[in-house]
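Each of the next two complexes has chain A plus one other chain: chain B in the first, chain C in the second.
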Partner chain A sequence: MKRSGILRSGIQFLLCCMIWIPITLLAAASFMPEDELIYRYSEALGLGKDTIRFSLLPSYPTIQSYKELLLYSPGFFVMFWNSCIQVFPTLAGQLMIAAPASWSFARYPTKAKRVLFSLYIVLMILPFQVMMVSNYLVLGTLNLLDSHLSLILPGIWSTLPVFIMAKFFEGIPQTFIEAAHLDGANEFYVFFHIALPLGKPGIITAFMLGFFEAWNALEQPIAYLQNRSLWPLSLYLPDITADKASVAFAASVVLLFPSVLVFLNGQDFLEQGISSSGIKG
Partner chain B sequence: MERDIHMIKKRRNFYVSQKIWISWLFIAPSLSGTIVFVCIPFSDIIRRSFFSVAGNEFVWGYHYNVVWHNQAFRLALKNTVLFILIGIPLLMGTSFLTALLIQSSSRRTNLYKTTIVLPMAIPTASICLLWKIFFSERGRSTAFGVLLFTFLWKNIGYNMLLWLAGLGEISDSVYEAAKLDGAGNLAIMRYIVVPELKGTAGVVFALSVINGFRIYREAYLIAGSYPHESIYMLQHLFNHWFLDMDIQNMSTAAAIISIGAFLCLFICFLYSKIRKRGE
Partner chain C sequence: MRKKVYQQLLVLFFLTMLLFTILSRIMDSVMIAKVLTGRTQRKHINSTIDGSAAMEAGDIALVTSEKGYRIERVSVLKGSKTTPDTELFRYQLESIEDAKKNIQMELEKLLLELKTTQISAQVITSVSAEEILNLEIYVAEKELTLAQEKHNEGQVNYQENIQLLADAYQKKKDLTEDELRHQNETAYRNKEQSYTTAKANRDKNVRDAKRNVEDAEKERNRLETEDADAEEILKAQKKLDRAQEDLDELIDQWDDTLDSIEEQILLDEEQADYIGSGWTQSQISLEEEYHLNLEKEKQTLLGKEDELKKAYSNLQQLHQNMVLSQKKDAAVQAENLKQKQMAELSLKSITLDIEKKQMELADIDCLLAQNGIVTAGVSGTVVEIKVEIGQITTGNETVQIATGNFRIRGIFEKSGDILIQKGNDVAFRAGSEDFNGMVDIVDLSHNERGEFVANTDFKDAVVGMSVHYRYTEKSDIYDKVLPLSAIHKDIKGYYCLTVQEDHGILGTEFTAARVNLEVIFSGTEAAAVEGNLGDETRIILETDTIIQEGDRIRLVNKL
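Here is the complex of A and B:
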């Protein structure tokens, strides 16, 4: 028994290392001065061929890269702002549209709605490749290509939040709702005063998953935004030029910062929300 | 008396029908957007795949034949399917083991859990810079393995939470009863845990497939638009066709992929129906 305990801790420790070491390396590299970066990681930055020399700590820590990125790279700010413009309206729209829909799916399941819900799950699984052309044609017809709306509008009707929230709403005891109805509450009152407060973990989970996804957007902006001045932050790194390569690590850290912040703040809700979709397939 | 009952019934029917009406009202915004942004364009894609480029002549399976014999399409389809066939069982297996590991240990689980789930919050673009460093020395031929690794790294946490939820649903008394009957750990696994987790496995599978198709991001960020041929994915091909505005080929390929996906789902559905009837 004791021995298996040690083995278990060992495996856990190894797994944690697998996750922490890359993140630490990334953070360390962001504090390295340019010549140290070139010495250590030249090949990955596309600056010539040399052996890679890993280090968990910078030898000469400096905030030079951050200064360069945040003070002397106007392009970076434009992209950061673009990301905000594209991500937050998408999330707000998703919640406004998916929350009532998922409540209805979870609470009033008729035969037609079960079929519809299955359709939503199929749509959720269909990869972007399949929808890419059709979305392009619709956006073209609506004259929305090359605008922020070309990412926002299709994003709002993503069916993943409907799935996540519906799964969570299903777990709310029916008796709560019946009690409210007996007290004379109508459907809208029940939705706003019972479903939304009790479904908070599910809603926050949908919000967080939507944020991770939208903050990470890659295929959609490449396809629908010809105009590079509209590109979001997630495309800053792939688009980075060789003379700016030294800020790449700092840019990575700045990019992951909001995402990790959202994660750490909502982690408990996220766990509850994801868990509810794992129960009862 | 009878009139009263009649009245009550009538009111109840009115109430129920009103409830159904309102429940559809709740779905309406979501449904209308889905129809405009998904259903109508999707049916247009299917229509295009059967008509000539000019759009007025029905050409049966002509485009399907062209796309099916396209070398690049074959390669991309092969790689994507291969990735899903290898990556998803691997992901489901490893995340299940991690969930068991967490469930059986009592101390320090919170920090451990946070750590394992954290990668799902890390943007692909950030971490890919590092994957490039790790794997640049290993040469391009290991690219497929690299992708598998990044796929597992990012998605184990999410799947582990799903498995944990499923494991949490099995009550302790069931385990205890099994132990009293002299069942070993393996027997408990085989006859209690695995059968109980079938529903969870379905959800884990579906969500893994979604993330499996997204592996293009890693492929693009590590290796660019023209990667080693072992990681040339469907999305690469679509992007190249997109640049040429080859809407015909894209529509047909999208139709082929979705037909394939629908067939797989339908088989799964039939399979679960048959199993249920057997039980």
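Here is the complex of A and C:
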């Protein structure tokens, strides 16, 4: 028992290392000078065929790449705020649309609703590429292409939050709702004062998953946004050139921060939500 | 609690991003290349030559200092403008007064020297040697004539005396002893009387001759004392020698005469003794006397002949001396002429010196009347001052005044696109003043550089002033002309950067795009080009930093 515990701990440590090594390399590369970066990762950067020379610590650490990124790359911030503009309204919209919808699916089960919910699930599991053309045509018809709304509106009507929240709302005991009704509470009161507080883990889980999806979205902006000034931060790295590789590594590190902080803020709810809804990323 | 920290970190992250957004925008506005843009133009292309040139004076007036004065003050500076009455500098009055006294003294000396020279230049006309010799010849001829007459007379006398002696001898021979004694006594007394008379005459003649010698000696001594001409002294010496010879000759003649009379007296005395001692003996003595007298007469005649020969020889000698005297006279005459000419030249020289001193004196008086002030005399600009306060002038110090228009001399590279041409205008700038000039001279004889001289009427010019010049030549009209600052060159050739409008991350952005060009004609500031440039293509003319193709730029109206 004791021996198997040590073995398990060792395997877990190795797994952690395997997870952390890329992040560590990323952080180390962000502090490398440009010439060292080219020397070590020339093949990865498409600048040569030398063997990649990994290093967890830079030979001559510098913050030049961060200085370049934060002071001399205004485009980075344009894209950052574009991401904010596109992500947070999407999340707010999801909260306003998905929460009532999922409450409805959870509390008023009918045959039609079941069919509709099944359709939601189908839509959820369909890859984006399948929906891209139809979405593009609809957005084009609505003259929403090349605007933030072309990303916000489809995001608002995403099916994943409905699915997650519905699972949480279904877990709220019926007695709580009946007691409220006996006390004279109407449906809106029950929704806002019982459903939402009790469904908070699901809402936050849906919020976090929606955030990760929207924050890291690549296909949607590429497909719907021709105007580069509307591009989100997720397109910054593909757009960067090899001669600014160090800036790319620094940008990657900065790009990690909001996701990590959001994750840390909602870590508990996310675990609970995932376990409740049976979703795995 | 932990969540609160995470929430604060999340908020802090967004605030930080906001801060860096602002900072990056600020840095971007500072760092982005600012460019001035323009379009191609259809116009001339000016080829210009820029360079430095130096101002020169067209004409220079020199004001020279007088010699020997002390400078009391200098009233102008280099670059001062002058009029004819402008005071340049002033001499110390005391030094002028001293100079005046010196010149006055020198003038007096020269006047004295003039008088001395005038006196010494007077030619003293003396009797020439030829004239003297002519006189001597004349005298010698007279003496020859006289000697000839005396000789002839002597010959006659000789015959008569011989005859008389013969007759006397015959008579005496026939006389008795008493008659003979009586006659002998009478003759003896006559001869004694003759001897006394001859001695008195000899003393008188010798005294006169000695006096002549003394006079000649005195004359010679006087001439020697007065440092008279050597010729005159020589003449006096000759005169003295001749007088001395005459005296010696006279003494000898009279001694001979007296000796002869004494001998005759002694002979008479002997004859008287013989007469007393015996007749026969007397007769013998008479015969001896007779023969002796004959011999004497003969000697007398021979003496006359000698005198005649001597006179003739003397005349011959004088005639021979005549040639020498003539040569000597010619030499003396030439020497006199030379001395006369030299004296005349000396007089002229002194006269000129006097005139010069008088002029200097007049100048000094004039200078004193002006209180020692020297004025410019001309209108112009002082370009050089070589007088200093307290300096004693040497006469070589000058103040140079530029008069008339100024000239500008500049150089240019012969390897440039154009050469400066005579007769064309050149723009000049001195400080903040702009003015023009016309090229008068172009010199291309130097290896790499040409030189030009331009005339200008710029009023504030100062000699030596450095000016900037610009020479401009216009070309034909070209359709697409760009400033040279907009044209670049690399290994691919000439190109320019145009403004390209892109829609990038930051919205509508301007970037630099490359357009290849062919330069047809290049001027100093612009060039005619051919290339893919439309009439509305905005071309980057100037930037505040070096940019390359693809760089973001910011359009401004003024850098």
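A few notes on this one:
The criterion applied here is as follows: the second predicted complex is superposed on the first by the 278 of 281 C-alpha atoms of A that agree within 3 Å, B and C clash if a C-alpha of one lies under 4 Å from a C-alpha of the other, contacts with A are read in each partner's own complex, and residues count from 1 in each chain.
The definition used in the following text is that contacts are C-beta pairs under 8 Å (C-beta built on N, C-alpha and C of every residue); 3 or more make two chains touch, one makes a residue touch a chain.
Because the structure is predicted, anything quoted here is derived from the model rather than measured.
On the superposed chain A, the two partners chain B and chain C both fit, without a clash. Once the two complexes are overlaid on the shared chain, A:227 sits against chain C while remaining clear of chain B. In the superposition on chain A, A:207 makes contact with neither chain B nor chain C.
Of the two partner chains placed around the shared chain by superposition, chain C is the only one that A:77 touches, whereas chain B remains out of contact. By the touch criterion defined above, A:153 reaches chain B but does not reach chain C. Shared-chain residue A:97: touches chain B; no touch with chain C. Between chain B and chain C, more residues of chain A are touched by B.
Of the two partner chains placed by superposition, A:168 touches none, neither chain B nor chain C.
Of the two partner chains placed around the shared chain by superposition, chain B is the only one that A:138 touches, whereas chain C remains out of contact.
By the touch criterion stated above, A:262 is placed in contact with chain B and with chain C alike. In the superposition on chain A, A:31 makes contact with neither chain B nor chain C.
Put simply, chain B and chain C get as close as 15 Å, counting only Cα atoms, in the superposed view. Looking at chain A, you'll find residues 262, 264 touch chain B in one structure and chain C in the other. The touching residues of chain B, when paired with chain A in their complex, are 19-20, 22-24, 26-27, 29-31, 33-34, 36-38, 40-42, 44-45, 98, 101, 104-105, 112-134, 136-137, 153, 158, 161-166, 168-169, 198-204, 206, 209-210, 213-214, 216-217, 220-221, 234-235, 238-239, 242, 247, 250-251, 253-254, 257-258, 261-262, 265.
Those residues of chain A that touch chain B in the shared complex are 5, 8-9, 11-12, 15-16, 18-20, 22-23, 25-26, 41, 43-44, 51-52, 54, 96-98, 100-101, 103-105, 107-108, 110, 113, 116, 120-138, 153-154, 156-157, 159-160, 162, 187-188, 191, 212, 215-216, 218-219, 222-223, 234-238, 248-249, 252-253, 255-256, 259-260, 262-264, 267, 270-271, 274-281.
Note for the complex: chain A touches chain C at residues 70-81, 84, 227-229, 231, 239, 257-258, 261-262, 264-265. The touching residues of chain C, counted against chain A in their complex, run 3, 6-7, 9-10, 13-14, 17, 20-21, 23-25, 27-28, 31, 503-507.
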